[in-house]
Amino acid sequence: MSDPDRVLPRQVVRAVPFTFRRRIAWGDSDTGRIVYTGRFLDFVMDAADAWWQVLTGHDWHRMTVEHGHGLPAVHVDMDFTRVIEPGEELDCVVTVVRLGTSSFSLAVSGETANGQCFTATLVQAYMNTARRKAVPLPEHLRKLVEDYQQACRTATLPA
Amino acid sequence: MSDPDRVLPRQVVRAVPFTFRRRIAWGDSDTGRIVYTGRFLDFVMDAADAWWQVLTGHDWHRMTVEHGHGLPAVHVDMDFTRVIEPGEELDCVVTVVRLGTSSFSLAVSGETANGQCFTATLVQAYMNTARRKAVPLPEHLRKLVEDYQQACRTATLPA
Amino acid sequence: MSDPDRVLPRQVVRAVPFTFRRRIAWGDSDTGRIVYTGRFLDFVMDAADAWWQVLTGHDWHRMTVEHGHGLPAVHVDMDFTRVIEPGEELDCVVTVVRLGTSSFSLAVSGETANGQCFTATLVQAYMNTARRKAVPLPEHLRKLVEDYQQACRTATLPA
Amino acid sequence: MSDPDRVLPRQVVRAVPFTFRRRIAWGDSDTGRIVYTGRFLDFVMDAADAWWQVLTGHDWHRMTVEHGHGLPAVHVDMDFTRVIEPGEELDCVVTVVRLGTSSFSLAVSGETANGQCFTATLVQAYMNTARRKAVPLPEHLRKLVEDYQQACRTATLPA
């Protein structure tokens, strides 16, 4: 990571693979008394943004305001396998599944103490926001993503 | 209004007093099987923004991006009197209760076919967004707000 | 539809193919000054729920509370092709792409005056909510979905 | 608290006064590039629900589903004093300002490393959800709230 001394956000419970924890709130539920489907995309986006913040030192907000670059989503898909209830804690685990010239794909796995609840793929393009045009990922950011991919591979090697 | 020929957004069902209608969605509910409290502030904000858009020709987004001014909330209060269920349609009725030099207060009444569900007061300050500083409301905007106040008084005169 | 005399929700602008309109709100945007990605799944869910309400006479809420059945999502995918700004109106057009024994797939196309903004596929399973178990779609609901598919084909026939 | 050995949710950073931390997300912002006003009520609700969960052992969801009681809001007011940006962490500090027969008022203070950002008052009624009727708070819950009030007074005594 870019600054090992920086204090991690409280909700980051593991650096590799990056794991972001949230308490599921009353407001996340619906009449079905489980988490409303529409909230899952927020959970994915929040985890991806927190991952980028810890990886690069800039969350999407600062990257946009200070550097004029953004990471808009171009594709999302999600599969739902287990319901979640308010009061539970959800971990979103972020890994990189593809790194292209000006875009990359993240896998986000949603997990509670009861097991995996959903999987998602999020494809983002690196954009010059003023020109609303995809541009190649700069070398220093590409290097950080590649290092993270390598760290994840090492972390999950069988004993 | 600034342009009488402009087509109103579909959800505007009455110009005076300004009334904005929305269908309450599945995602607006919670485990209690009524509208989640946190959504009501969104309903108030949406109605206030739509009112400003129709009144002045610019919604808050355009006002911010094109003119560098904003209307951040400085105070909100809400009283809840009747529950709402998904599938119902909610009308938010917007009136002006106070017009100051650089701020004004709106009253928003939430109503369904079953009666009034909530009342809210929203106090907003007119800001120069770059300087994050309150500035006096320009004369042409003040005039539009005053005309709207007058139109509301006329519209609700007893027969 | 189950009751031709019933008044349609205001936001339904066309019955076939079903088209649900919403004004994009200030709160739907993010620092990028376009609609936040996470909101698009809400837009898809809202349109699918409104479609079901108009088609069957019961929105998901009433189906859950009164009949003990639900339509949880099992899969969603979305492709984003054009940005949307607050103040614009978005039409979500709902069609049926697959009708299985106990599940079906909807296509939702998001369109503004500027053209298509996103496409989504939403796969839902028909569930007994108490048993949290998928069950076959009852014949009267299957018939309504098939009739809607037929109506959409007829409505889009070339001249 | 009802079970001192129970593991606290990760986002609870202090028990007395109860303090709930969240990372402000990209999706919480708006075109103004600060947190969207509508999100603050969610932050208040989340903190109040987490406080109740830790205090009583049951979050609002479990209280509703397992016991048939709820805590709907009857009044909310909020004052906004300082903007918050995505990437920051927000602490919501919950204290009890009034304890009535069948309702109570919470104060929620929103604070970042830069200082206080908002204050809110949330008034909730204790309800029998089936009858949608306010009922007196049971003695064991009243005792927990009173003990918490006392613990807060002790915790904030001057040295």
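Going in written order, the chains are labelled A, B, C and D, and every chain counts its residues from 1.
The criterion applied here is as follows: contacts are C-beta pairs under 8 Å (C-beta built on N, C-alpha and C of every residue); 3 or more make two chains touch, one makes a residue touch a chain.
Keep in mind the model is a prediction, meaning the values are calculated, not measured.
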At the largest C-alpha centroid distance from chain D we find chain C
When B-C and C-D are ranked by contacting C-beta pairs, first place goes to B-C
Expressed in whole Å, how far the mean CA point of chain B lies from that of chain C is 27
Per the C-alpha centroid definition, the whole-Å distance linking chain C and chain D comes out as 35
Where chain B touches two or more other chains simultaneously, the residues are 26-27, 29, 31, 33, 36-38, 42, 45, 60-61, 65, 86
The answer for chain A against chain D in the complex is residues 9-11, 13, 21-23, 25-27, 29, 33, 42, 45-46, 49-50, 53, 59-62, 65, 85-87, 89
Residue set of chain D touching chain B in the complex reads 31-32, 34, 36-38, 40-42, 45, 60-61, 64-65, 70, 72-80, 83, 129, 132
Chain B contacts chain A in the complex at 26-27, 29-31, 33, 36-39, 86
